[in-house]
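Next up, some structures in structure tokens.
Both complexes shown next keep subunit A, but they swap its partner, so subunit B is in the first and subunit C is in the second.
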Partner chain A sequence: MKLSDWSRQELVARLAGPGLNLWTGPFLNRIRTRIPAVVDGISLLYADYPIEAEGDFADFHVALTQPLGPRRWLRRQVNFEFDGLRIFKPLPLDQALPMMEWGLNWCIGGHAHQYLIIHSATIEKDGFAAILPGAPGSGKSTLTAYLVNNGWRLLSDELALLSLEDGRVTALARPISLKNQSIDIIGGLIPSARLSRRSEDTVKGTVALLKAPADSLARIGETAQPAWVIFPSYKKDAATALVPRPKADTVIEIGRNAFNYSIHGRQGFDLLSKVVDGCASYDFTYSDLAEAREVFAALEPAAAPAREVGPKTSSG
Partner chain B sequence: MKREDTWCWRAWDDEIVVYDDLSGDTMKLNPYMSETLRCLQQAPASEATITRHLAETLEADADSRLQRWVARAIERFERVGLVEAVAASEQSGQSG
Partner chain C sequence: MSDRRHLLLNLLRRPDDFRALSLEQWDLVVRQARRSGVLARIAFLLEDRGSLAEVPEGPLQHLLAARTLALKHVRDVRWEVICVTRVLADLKVPITLLKGAAYVFADLPPARGRLFADIDFMVPKDRIAAVEKALLRSEWLTDVTDAYDQRYYRQWTHQIPPLRHDRRQTVLDVHHTIVQPTARASVEPEPLVAASRTLDVAALRILAPTDMVLHSAVHLFNDGEFDRGLRDLLDLSDLLRHFGAEPGFWDALPRRAEDLGLTGPLYLTFRYLQRLLDVPIPPKALSAAERWQPSTARRALFDSLFDRALLPDHKSCDGRLTPLARWLLYARAHYLRMPFALLLPHLVRKAVHRGEEE
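Showing the complex of A and B:
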């Protein structure tokens, strides 16, 4: 059963009442809200996601609510609640939908420790995943939005979920968060793009959410083998350049970009090292998305593992 | 000096990344640090032996400056639990 099987009336009633049980990849979210913009956003962006009509269990119980008192009417605000607790400071009501997305990311990053979670976009082709870590403003989401509509599958826009057992990437395929100029760029380049309404003046500027491609959702249960770690960087008028990056630097940088690397201790280091061992690692500079697509189309999975030092590379 | 049991390392090309399970720190070593650790991984060694090894491997002068640098590097390794002092009799192939 998927969300679009419900009528608008039923969706509104569920969100306002017992909650919507929505699957996003391996996580079951129970979402409650009466905020029309969030209802609209969920209806548009999550129409094709599986839902559970009944059932008590959910991984994350979240709600988007409006504060009581004057803020309900004057400079209206929204709260994100997790297990009934308000984790964050309220945001302007106009930012309710992005806040839900950020909140769901927080739920995963702070709780899903069955994975090593890297702050990174992740895309897949032919069973191999490209991990794209990037600071805000690096052009990571723009590149991801374009590539997943040009031959690649969306695994995630924000969170790479690496299995602790074998390092494979689990798909989330949630909406892609586009910021500022990239909203119009992607909207212009991808006629089929389904975008949410814009939220202005967020901490990231203007934000709109791009619905995940249908084929990415259809294959959401398929994991992928990491084959590339690529650090994208958009630079206006820059020539397209894919430059090999030292793997030692990559390990350090991915560790910095991981939500729960320190929690996993030695196991996290071993996994990260193993993943980087099996990946080609690059810095990627671009300004032209069509050229970027060609570069990514030419990628081949890496073969040579790293040289190990010491008895079985480890202590003892 | 000898290896401790609480850390591990990986090498890619000429670079070494060290993970210390006690502190949870992950560090990339510079070439001198890397070579020092490689040297100690082979066998316990004195500061003088390490200094000579670095001078040969990295084409540096085995002067008092390098020896002071080695002493400081080993002190740092020791502080984070990467190496520990051993009796001179446990060091092999030593002359300094």
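Showing the complex of A and C:
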């Protein structure tokens, strides 16, 4: 059963009452809210996700609520609740939908220690995963949004979930969070893109959420073998360049980008070392998405000695 | 008591009944256990029985994750304490570990599956200023910036304001005794130190078994905060089971409680371990405790308060009277901690200050 099987009235009633039991990858979320913008966002972005009509066990119990009291009318705000606890300071009501996404990420990062969780986008092709760690502003989400609509499958926009047994990546395939100019860029390049309403003035600027592609969702149960670690960096007018980087440095950098690396101690270090050993590792500078697509299309798993690509590959 | 409110409690009393839990009940067990800080303990409880793999997939992942986190906390506590001993090495000051850190270093049962917030230890009062200075000169910072709060800690409590490590964010609570000196039942540190035991690591000590139990009891029943009450009650259960096997322990414990003036908390410990967790207490200890027994009316009042407040602080466990019970016990703790003449201005200031922050 998927979410779009329900009428709008039924969805509203579930969200306001016992909660919506929504599967996102390996996690079952029980979500409650009465905020119309969140209902709209969920029914647009999560229309094709599996749901449970009768929920028994849920991984995360979350709610988006409006604080009571007089301030409710002066400055309308939203709270994210994790099983009844308010984890974050309230945000302006306009940011309720991005807050739900951030909150769901927080739930995973803070609790799902059955995985090694790296702060990075992950995409898949032919069973192999590219891990794309990147600081905010590195263009990670834009690149991911573009590639998963051009031959790659979305595993996650924010969190790489690595199995502690074999390092394989589990897919989340949640919506991609686009910021500022990337919203129009992706909207323009991908005619089929389904974007949520924009939230202005968030800590990350203007945010809109992009619905995950249908095939990424259809194959959400398939894990992938990490084959590349690529640190993307968008630089205006820069030439496209894929430059190999030392593996030791990559391990340290990913460890720094992991949510729960230190929690796994020795096991985390061994796993990360093994994963990076099995991957080709690059720094990737780009300004042109079409060129980036070609570079990614040319990637081969367990590539022979990494080679430098660019300054500008011939487009064709 | 097969209702939703007592779901976690019943599982802790009869762990083998986990097989009868429905997925809907597991949902509540995980939430109640997470809120009480005992999720990892359940993982170890079932692991020790060889039953962990029988837990359904959904809840099992949460138990495994909590177990991983608890193991990390134990590693962190070990490392943090070693760092402290290095910083304080030149001072040649005896460091008596308290609560969680003591359980870890003495390898006591409550250390398994315990999640730690702070690291508590005790140093002699006349050395505490030097200890604080050494830690501040190293990488610890004070967490308390308000001048009134700084003064409050130093003048009226049994510890200096908590110190936080600049990078690791761990918090140290440095004490000079185990109970606030203004308390009705105050405790001098000298007899505690005299009875304390050494550890393999130089400079580190732990309290004697009786004193460790009494400290845990006074902390649980007289501190007024019960959000982790069930975890603390389980600590006491573990400690009594473990030390109870040492010869003479059950004779020594009531005597020590009388010597230190901590019979009240020990009485409550026995009562609620029996009432809530079915922990057996030997008759000779119980007969000693009968001497300290409050009146029937007070006992009934205590039961109505602690039976509620010791449940997980989760909405599925809250009855109509739970908030009132928690508030009354919070008020009781303040009454036990400070004379009214000191307490009133303190609470007024806190109330005004909170108003300013809003």
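General observations
Definition applied: the second predicted complex is superposed on the first by the 302 of 316 C-alpha atoms of A that agree within 3 Å, B and C clash if a C-alpha of one lies under 4 Å from a C-alpha of the other, contacts with A are read in each partner's own complex, and residues count from 1 in each chain.
One rule holds in what follows: a contact is a pair of C-beta atoms (placed from the backbone, for glycine too) under 8 Å apart; a residue touches a chain by one contact, two chains touch by 3 or more.
Computed from a predicted structure; not experimentally measured.
In the superposition on chain A, A:His61 contacts subunit C only, with no contact to subunit B. Using the contact criterion defined above for the overlaid structures, shared-chain residue A:Leu28 touches subunit C, although it does not reach subunit B. Of the two partner chains, subunit C is the only one that A:His111 touches; subunit B does not reach it. Residue contacts after overlaying the shared chain place A:Asp83 against subunit C, while subunit B stays out of touching range.
Of the two partner chains placed around the shared chain by superposition, subunit B and subunit C are both touched by A:Ser262. Of the two partner chains, subunit B is the only one touched by A:Ser273; subunit C is not. Of the two partner chains placed around the shared chain by superposition, subunit B is the only one that A:Ile252 touches, whereas subunit C remains out of contact.
Counting contacts as defined above, subunit A residues 262, 265 meet subunit B in one complex and subunit C in the other. Those residues of subunit A whose C-beta lies close enough to touch subunit C in the complex are 28, 56-59, 61, 83-84, 111-114, 262-265. Listing the residues of subunit C that touch subunit A in their complex gives 22-24, 26-27, 30-31, 34-35, 56, 58-59, 61-62, 64-66, 68-69, 71-72, 75, 314-315. Residue ranges of subunit B in contact with subunit A, taken from their complex: 3-13, 15-17, 19, 21, 24, 26-28, 38, 41.
Interface of subunit A with subunit B (complex): residues 246-249, 251-252, 255, 261-262, 265-266, 269-270, 273, 276-277, 306-310, 313-316.
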